[in-house]
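Below: one structure, written as structure tokens.
A, B, C and D label the chains in the order they appear, each numbered from 1.
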Amino acid sequence: MKSQLRAHVFRMIEVARFGDFSSHCVDVFVLSLIATNIIAVIIGSDVHIHAQYGEWLDLFALMSISLFAVEYILRVWTCVEHPEGNHSKPATGRLKYIFSPLMILDLFVVIFFYLPPDYAVDLRILRLFRLLAMLRLTHYSEALQLLTAIIKRESKTFTAIFLVIVSLLLLVSYFIYLIEHDVQPKAFASIPDAMWWSISTLTTVGYGDVVPVTVMGKVFGMFVMLIGIGMFAIPTGILVSAFSQELKRKDFVATWNLVAKVPLFSNLDAVEISSITELLRLRSVMPGELIVRKGEVAERMYFIVAGEVEVELENHSAKLSDGDFFG
Amino acid sequence: MKSQLRAHVFRMIEVARFGDFSSHCVDVFVLSLIATNIIAVIIGSDVHIHAQYGEWLDLFALMSISLFAVEYILRVWTCVEHPEGNHSKPATGRLKYIFSPLMILDLFVVIFFYLPPDYAVDLRILRLFRLLAMLRLTHYSEALQLLTAIIKRESKTFTAIFLVIVSLLLLVSYFIYLIEHDVQPKAFASIPDAMWWSISTLTTVGYGDVVPVTVMGKVFGMFVMLIGIGMFAIPTGILVSAFSQELKRKDFVATWNLVAKVPLFSNLDAVEISSITELLRLRSVMPGELIVRKGEVAERMYFIVAGEVEVELENHSAKLSDGDFFG
Amino acid sequence: MKSQLRAHVFRMIEVARFGDFSSHCVDVFVLSLIATNIIAVIIGSDVHIHAQYGEWLDLFALMSISLFAVEYILRVWTCVEHPEGNHSKPATGRLKYIFSPLMILDLFVVIFFYLPPDYAVDLRILRLFRLLAMLRLTHYSEALQLLTAIIKRESKTFTAIFLVIVSLLLLVSYFIYLIEHDVQPKAFASIPDAMWWSISTLTTVGYGDVVPVTVMGKVFGMFVMLIGIGMFAIPTGILVSAFSQELKRKDFVATWNLVAKVPLFSNLDAVEISSITELLRLRSVMPGELIVRKGEVAERMYFIVAGEVEVELENHSAKLSDGDFFG
Amino acid sequence: MKSQLRAHVFRMIEVARFGDFSSHCVDVFVLSLIATNIIAVIIGSDVHIHAQYGEWLDLFALMSISLFAVEYILRVWTCVEHPEGNHSKPATGRLKYIFSPLMILDLFVVIFFYLPPDYAVDLRILRLFRLLAMLRLTHYSEALQLLTAIIKRESKTFTAIFLVIVSLLLLVSYFIYLIEHDVQPKAFASIPDAMWWSISTLTTVGYGDVVPVTVMGKVFGMFVMLIGIGMFAIPTGILVSAFSQELKRKDFVATWNLVAKVPLFSNLDAVEISSITELLRLRSVMPGELIVRKGEVAERMYFIVAGEVEVELENHSAKLSDGDFFG
């Protein structure tokens, strides 16, 4: 009984699968609540708005934090229902769930709000991560997952580059400190102070609030600026290569099965299919949708994997079905 | 009769097909008029020039706006003649046409000019879009169309990245506001105010008009600058991958038919042709044009798809025709 | 007789082919003279140095300009000797040569120096182009030629992008002018003035000398900064794709012939060779050079196209020759 | 005897191979010492910290420099033990070793510290390179080695680009000097002074401390900013291409042997293997590790090269071993 209720509540809180109307409503409500809270935090930071609508905003904050607290407790209670079974053990599973990054953030939002006045901070804006997590499950998921996958897979490379950048930063800061410290004892008071200039120059931000004034400092500064170009080119280069490779592999398995279905290709062996697979792209067409306009220069060939296509030619129309192709 | 006149006017207004001289003249006139108007707006904004030539510029604006209005009416009247037939129904077709983005812009240009003095704005500069639309149909079309195609196809990815960037921006603004608000109550008056610093740092613009001054603010600022590098690398990475893939596919169909015509390749099967296709590039040669100079190191092989090529060797010259190759 | 002298002088002035010692000396002399002149121009611009060494620098300028003038005349005289025969006709060929960009620059350097004091400008720094032209013929040529080739081949695309950028610039300048003109009548005095801010923001330079102050101006400014990211991503994307394609094609013909020579591959057909060709890389080895160290993990396979390789194994050494492979 | 001691000391100092515990301890000690020294240099530069803890920091510096000196002498003494045998000759081998870049840096750190007070500089921060060298041998090595390999292989290209950039810089500085010198005799005092503006604009850093004020200077400035975009796009383009090519080749040999082992592919010829090789990716799995979760959409196919895999299906589990595949 209790287990059944828990399963029901879990289904409500989780992002709805297609077709579950009541759960979908809960999603929309939570999403709107988070979005409204974020907007409230942002506009509430303005002095004039706070003076005028401060009470209402505070009331709204209090109410929504309470709702967040309820949601938090419900999440912890129902987490054992996760179909992947990561948290199925009541005690350890729940503990593991509580210490997942998103849950810690959610807890922070609630706790820091209820702290004694001196320490209370309004962290509702951190619910942004929950917002992104909910969107992650919608149709934007593919692109973000690809990016996350690449960053994970190339994490070693990025760590290596990060180490090099930090070393570079330390050296640049040290030398500019040696060079400029005597002339500008305030702006280049210490190596950590010099880092402000170094990093704003290496990343080509260039605020201009701190600038070397000695001849040697300027010569060194020019050199640092030129290195800054490399700091963009190298990570971009790695990311682009990783992206191309990942996309290639991803497309591959998806198209393979389709290619094998097209009769024209049926007598090809595995390698030949693989070559063709690289060049094809899956496209789903809704019934009645126009694939290509008559008279347009055909830039692609179309192979029909499933369904029928009607082709209108000069004076008659033909129907093509599975395995036929045109283009 | 009326329909014939309308068809004639339509042909005049539309960008001319090759060989239609009178329509071409109209194009050149409209193009020049738009260009002149844009230049007039730009130089007319200068106080000294306006003081001296203001009357002439106003007269020119009035005249050209009237011409634009006439053109607008003619466009609406003749739009049913579009060969693609999108607007062929007199009533709904025209309405659809009137609400196409370019036509709305054209209407704005005319209307805002004729408004009562207090609201009148000179929007002739928006005709720039019409200018670009006309150029789109000329020989620069290919590159721009490729770019538009990629942006459309990857729109989901770009939306996802845009969402991540906006979230990042909100978080960065929120934290810098918390950190710097007490020390710089003016520059970081509210979160929207803090956004100005956040975005100018994340995009590496770095005006330097607003800069964190506290130690924590500077440490956070360094961190934000480093993130800024990723903001260039990621969109670039996605765009580059998309570009490479699109170019590969585009070249493919174009060269396929040519390859199939060259006798040397006639006994290859589909996959082998596809491999070769990837490496070839279509090149049209004018009669009499020099393909490759004698003595130059040959970096390419040339296959003749159609026509004849004369090869001058040491002491004689040979004629090669369809299907032969050299290089 | 005169023609023989002219041919001799031509050989002297032109960049020396390998082994021609006296012509090589002339090259080194001209190169050094140009480099020294450029340095003289740069350090001569400093007031203190000019005050102290001004007379010597002026004398040196006078002397080298005279030499440049002599070289210019000799070049024009001997240009008919060009082996490519572009300028072989004494009159029209010479005229064509005189109006080639580099020669016009050389002429400017001489003429502007001898003009009456009010107009005389020291343009010796433009000889930089001559310097680059001389270096272009040395071993850095390949990389620069590849770059020039790509820029030429993709010139249409770059023109299209340039048009879009200019349009964007005009629109951004127009709107920021409308928004900020009333509040900052000095910094945004006219649209051309507003362009200074627009371009420094779109290119992410961000001097910060001119900055929008109104709320709407700041919101618009944030939007413009975000667009700036695209201005880097798009040209980079196009360049990268073009580069990859060009490199692929370039490698292809160079390796093809080598692959065909290796016995292991002799029974492959054209397409199979093309696949392999993509993966190989030509490497020339000097006699006695170490190709791969014993014990290193072999990351490549080596195919011997010409010559012999000695392989030292645990307890004996073997000689491999043409067509063998190891790795 | 002495040789044995020397070999032992060498093993201690060098980065430990897996399993050598005592040598590993020495590594950790040296690494920590270097890291602590770097931190000491950085925080010791702060005036307040130096006032309070200066004596302790100086003592620590003295002690660690002495240890560095000892390490330096031991390194020179034992360098003849290098297994690669580069430095096996007592006299010349050692001299060659002493003049390797890292050893010169190490010597500098020690010498400059012991110089008479007026010239003494604390260069302990340069030990950063030794730190990086030690990390280079750990698991981040691959990514950094790839980067170093590419930069070495493309060094000609990068030199060519560097030459073009320097030329561009000189020309831009020269012209902005001509244009702005009369109006801003201080900021644009000489061409080297003008370089500060040129380089900060070309690299899009844009400090804004020096800015052209004349109309012509601003027009020229806009032009220079636009060129700046190319300065990012071109090196990035080259790097990306080089990266993609290198990764492709690197993967190739590594996967080739594995592919040849899978029975499904055994009847393929060399070219076909090469096509497949491009699409596979080596993945080592620890015993007990989960390869793919049940119910997840399979995006990859897995081929087992060595070992066994247990597959859990709906109602039974199967064991797959070498040569089988699933996915």
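Methods note: a residue touches a chain if its C-beta (ideal position, glycine included) is under 8 Å from a C-beta of that chain, and two chains touch if they have at least 3 such contacts.
Just so you know, these numbers come straight off a predicted model, no measurement behind them.
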Item to complete: Using residue numbers, check each pair in A-C, B-D or A-D against C-D and return the one sharing over half of the contact pairs.
Response: A-D
Item to complete: Over half of interface residue numbers shared between chain A and chain D means same, under half means different, so which is it?
Response: different
Response to the item:
The distance between the C-alpha centres of chain A and chain C, rounded to whole Å, is 39
Worksheet item: Can you give the whole-Å distance between the Cα centres of chain B and chain C?
Response: 28
Worksheet entry | Multi-chain contact residues (two or more partners), chain D | 204-208, 232, 236, 240, 244, 275
Practice prompt. Have a look at which chains touch which and call the overall pattern line, ring, star, complete or other.
Written response: complete
Discussion item. Going by the contact rule set out above, which residues of chain C touch chain B in the complex?
Written reply: 84, 156-157, 159-161, 163-164, 167, 170-171, 174, 177-178, 181, 189-192, 201, 204-208, 211, 218, 221-222, 225-226, 228-230, 232-234, 236-238, 240-241, 244-245, 248-250, 252-254, 269-271, 274-275
Response to the item:
Listed in rising order, chain A residues that touch chain B in their complex are 38, 41-43, 45-47, 121, 125-126, 128, 131-132, 135, 139-140, 142-144, 147, 165, 195-196, 199-200, 203-209, 231-232, 235-236, 239-240, 242-244, 247, 264-265, 268, 272, 275-276, 279, 281, 293, 298-301, 327
Discussion item. List the residues on chain C that touch chain A in their complex, please.
Written reply: 204-208, 236, 240
